[in-house]
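Have a look at the structure below, then the notes.
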Amino acid sequence: MQRVGVFVCWCGSNIAATVDVERVADVLGREPGVVFATHYQYMCSQAGQELIQNAIHEYDLTGVVICSCSPRMHEVTFRKTCERAGLNPYMVEIANIREQCSWIHKDRESATEKAVILGRAAIAKVHLNAPLTSGSSPVKKRALVIGGGIAGIQTALDIAEAGFEVDIVEKKPTIGGKMTQIDKTFPTLDCAACILTPKMVDAAQNEKIHIYAYSEVTSVKGFVGNFRVTIRRKARYVDETKCTGCGLCTEKCPQKKIPNEFNLGLDNRRAIYIPFAQAVPKVATIDPAACTMLKTGKCGVCSKVCTAGAIDYRQKDTYVEAEYGAIVAATGFNPIKLDKFDEFAYSQSPDVVTSLELERLMNAAGPTGGTLLRPSDGTHPKTIVFVQCVGSRCDDAKGKPYCSKICCMYTAKHAMLCREKYPDTDVYVFYIDVRTPGKNFDEFYRRAVEEYGVHYIKGMVGKVVPENGKLKVQASDLLGGRQLHIDADLVVLAAAIEPDESARPLATMLTASMDTNDFFTEAHAKLRPVESPTAGVFLSGACQGPKDIPETVAQASAAAAKVIGLLSKDSLVCNPCTAKPNELMCNGCSSCEKVCPYGAITYLDKEFRGPNRTVLLRRVAQVNPAVCQGCGACTVACPSGAMDLQGFSNQQILAEVDAICR
Amino acid sequence: MPVTETFQPTIVAFCCNWCSYAGADLSGTNRLQYPANVKIIRIPCSCRLNPLFILRAFQRGADGVILCGCHPGDCHYTTGNYYARRRMTLLFSMLDYLGIERERTRVEWVSAAEGAKFAATMQEFTAAVTKLGPNRRLEDLRCRKD
Amino acid sequence: MKFSYFPGCTLKTRGKDLDRWGRASAEVLGFRLEELPEWQCCGAVYPMAKDEIATRLSSVRALMAAGERGGELVTLCSACHHVLKRVNLDLERDETIRDRVSRYLELETPYAGETRVLHYLEVLRDRIGFEKLAGKVVHPLRGRKIGAYYGCLLLRPSREMEFDDPENPRILEDFIRAIGAEPVIYARRNECCGGYCTVENSAYAGRQVDRIMENARSCGAELLITACPLCMYNLRENASNGLPVVYFTELLAEALGIKEAAT
Amino acid sequence: MMETIRRISGVNPRKCMKCGKCTASCPAYDEMDYHPHQFVDMVESDRIGELMQSRGIYLCLSCFACVERCPRSVEPAKLIEAVRLAVIRQQGMDHLTPDQIPEKLDPALPQQAITSAFRKYRK
């Protein structure tokens, strides 16, 4: 029997207010095998940890039970504490009496009773704990960044800067992401292209960085330090190594009426195209859905005009397999589709545009050459109405329940730029709340109001009616106590943003968790904001939640720092809670091997002593502890009960069951 | 079986470490109440749950057992919850055969972000089990003393 | 194809054209509307308050009668459709209302909204198909620029009515195309005509109608169609300078070539 | 009183985030004294007496534009209906009486207009 010490934490008043900690310590102190039990205000504090260490020495403890917060919070802390006192760290069990007891119950009596039962279960388990030693596994010193927007580029540059190899996988023909479509950036109004394109070029020229543009991740296997990833390189029908990016093909292609996604369909491109002048890599791509040659076998104009001989109509998708130590998700965001919000007449009038479309309409490289003109008739709009929170903060299925965070600031920017470039325009912004927490953000918004004379109106637009070339806007002015009717020329909708649709399948491949809105979940909302709960997977940019550019860049660099920390290790300590077969009971049936998702189980023909001094050769399972991740699927699959999971053994779990049901 | 108003069922919840245990923690962090009858046992993955554990719980006097894991497709170990789902389906037909009411066992998928769902599930499950009254205890005849 | 049919009061009196041409066209298109025996007025407005039970009963009776006769109830009048559909949902979703209705009507098994309520236009779209309808048109209304006027009751609240996109509906536009005419899309086609407030204050209804008419006219409409007798009244009687308005079933009959034959 | 209104309407005014989209959508704005967002706010702050004096409760068209467009599913129209019911359910508080009808009667007026007016305006 172990000599168990029980330590009940008050967690200030978090536990002690609802659970009678003294009684818990007292009752648990009388459990079999418990030689010491106490309670203390903050067990995780230095003084609390010393208390545990002293008790280990003084009472010669062989097992420790801590009744405190969730093991997801401080299990590691307390394991280290015990290790420092010479106790094997896996001789510690945590009873979660905060998240799963004091915080969810109000009645002191029943909460105390439950805390005692949870403590008993932990004591019952720790009696069956065995010291475990961690093995180690090597780290592949290469990182993969999925998504080539500003988040992915920044992460890759920082990782490369530290001397590690890094690959970027981008599904579009060029890296750069959303920021390439943005005209100016708040709160300084510098041109987005001017600050982004040098970074794109840096990434392309950095010898540590390899860019797989127009590519997608199709499978991820393995685990932290040892991921094996398959990347599909989609056929561009253009040889990337030969294409010089001269653009001649994109001028000669006879298919002229393909909506240009870079300009959000506000103008057209050809079937062979380079998204924009600063694209990286600057090579042409054939759109197979639009190309006559690929569809009918007749045309071939691009091939004829290409002096480099880069066009290859028979190109096929190719697959690359590579190994990585760490993976960063940087899949970004998109504005939502507005088809469910047609009270704003988005699909009924070309003069109702999204904010991102307005970026293109104001950009010098955009469809209007940077002059703000109405898509319907090419005239200068004189009255512009901005509507905020279109689809954000909605509690129904039409929109998103969250605040999209970036809209207040970019709308202030748009309003300001409109007034600056065209002082004769009237600009109205309808808002629910103006949210400007950020350095120099509120000042920026106030400038839009005070210096630029933008009319900010607390209220919402209810209906937009296109009539006689105008957009009749019906809106509320809550502070003015009136309903407004504005004849506008242009209406700009600040559409909510949502994670890119590639994020969900990627999360499944990475076994990284997501929230109900399909944003990646971080390992800890406050203390581990750039790590996914899955070891070795990190989060960069808006795939984790709505973010503006400065925040994205900060998180991108933070994710890079975490990756560098991981890659700078030669090997990783493995989780010792791995499966272990009892060779004497194993009958070599392969059931365990079939359910193992990691291929950690192999078989060995081993000699065993039989009766009458005979030797039997038997096939028995072997688990590679460096590969086993400890899920336990094999333990249940094993028909002879030979397989067990260290740290979560059958006996340990049954002991917990018994303690709870006692 | 007499059901008294003060009947407090014993409920064992097996939660996978990655999704449901974290979801349970989140309902705590958000102070979402559920009955104290529910006691959680942490397992690495829903596929670690040996159906035997549930039978043992019923032997030792549990009135309800619930298994919570990651949503299908979201398992931290890729496929664990699919195994769990199949095994539990088999166990359910066996429990039917044994005459243990279907409502006493349940499988729910709760993600790490679904604190509210965890609390609601536990409230609902406890209410359902309370309504059924105390469980007929399974007995291991080998353990009979007389 | 056969459906139970709930005409409603107005279709028996002031709105006869909506009813008559609807039934006649149905025969040509291959479905029959069988009027429910002894139906009572649906009440004309949906009782929004949860504790209004008596005002829901006549709808429940009609819904149950249709339930016994094949389970599908077709309506033509927007108001009846709105009331029947929403009361049906109440019975399906609201346990308190279901229990209280059960007790009032002394039902052995409570009615839980099993009947499916369909609008005539939904039958055209989902059961007949506008393509098939177009195939039966003998007098396509070529060159006619027609604005669809939806009003409120068919579309809102969309969560319950599930009729069409509440802000940019297309079912009537598709109908107009099917009978060979050109639909004119104008944004105010789902704005309120003033409804029953016309009884007390027709000038108020007139202001609503004028805005709708102006919008429809400026977008090029020459004629409006509607599925609601009350909208029809408001649009016709309260407009200061209105476009002509007809029921959609009249145009349907015209396109199918049965209107001429009848007159 | 607030509880009665909340119960019969089934509306939780606390869900309102005060965006004003209901009032922006209201086609009867110019006719009404109180506007949809005010109904929600005044029910929440228990100022129902004032709402019961309002003539706006007879001018709401029940067009459900506010219900349709509310991003928080508050359903202001149901509150307006509940306040109107609270008034007309009182003895002698009918807003419309049968003897008022003939003078309002237009031969072309559809039955449903009168039926609805009665349903909405009297008990």
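Each chain gets a letter, A, B, C and D, in the order it is written, and its residues are counted from 1.
Methods note: contacts are C-beta pairs under 8 Å (C-beta built on N, C-alpha and C of every residue); 3 or more make two chains touch, one makes a residue touch a chain.
Quick caveat: nothing in here was measured; it's all calculated off a predicted structure.
Interface comparison, A-D against C-D: more C-beta pairs in contact at C-D.
Per-chain Cα centroids separate subunit A from subunit D by 46 Å. Each chain gets a centre from the mean of its Cα atoms; for subunit C and subunit D, those two points are 23 Å apart.
For the pair subunit A and subunit B, the distance between mean C-alpha positions equals 30 Å.
Chain contacts: subunit B has no residue touching two or more partner chains. Of all residues in subunit D, those that touch two or more other chains are 30, 65. Chain contacts: subunit C has residues 167, 191 touching two or more partner chains.
You'll find the chains touch as A-B, A-C, A-D, C-D.
Subunit D meets subunit C in the complex at residues 7-10, 27-28, 30-31, 58-59, 61-65, 67-68, 75, 77-78, 81-82, 85, 96, 101, 104, 106, 108-117, 119-120. For subunit C in complex with subunit A, the residues that touch the partner chain are 159, 165, 167-168, 185-188, 191, 214-215, 218-219. By the touch criterion given at the top, residues 70-72, 96, 98-101, 103-107, 110-111, 113-114, 117-118, 121, 507-508, 511, 513-516, 521, 533-534, 577, 595, 597, 629-633, 635-637, 645, 648, 650, 653-654, 656-658, 660-662 of subunit A touch subunit B in their complex. Every residue of subunit A that touches subunit C in the complex is listed here, in rising order: 339-343, 345, 347-348, 396, 463-468. Against subunit D, the residues of subunit A that register as touching in their complex are 343, 389, 393-396, 399, 432, 458-463, 474-476, 478, 483.
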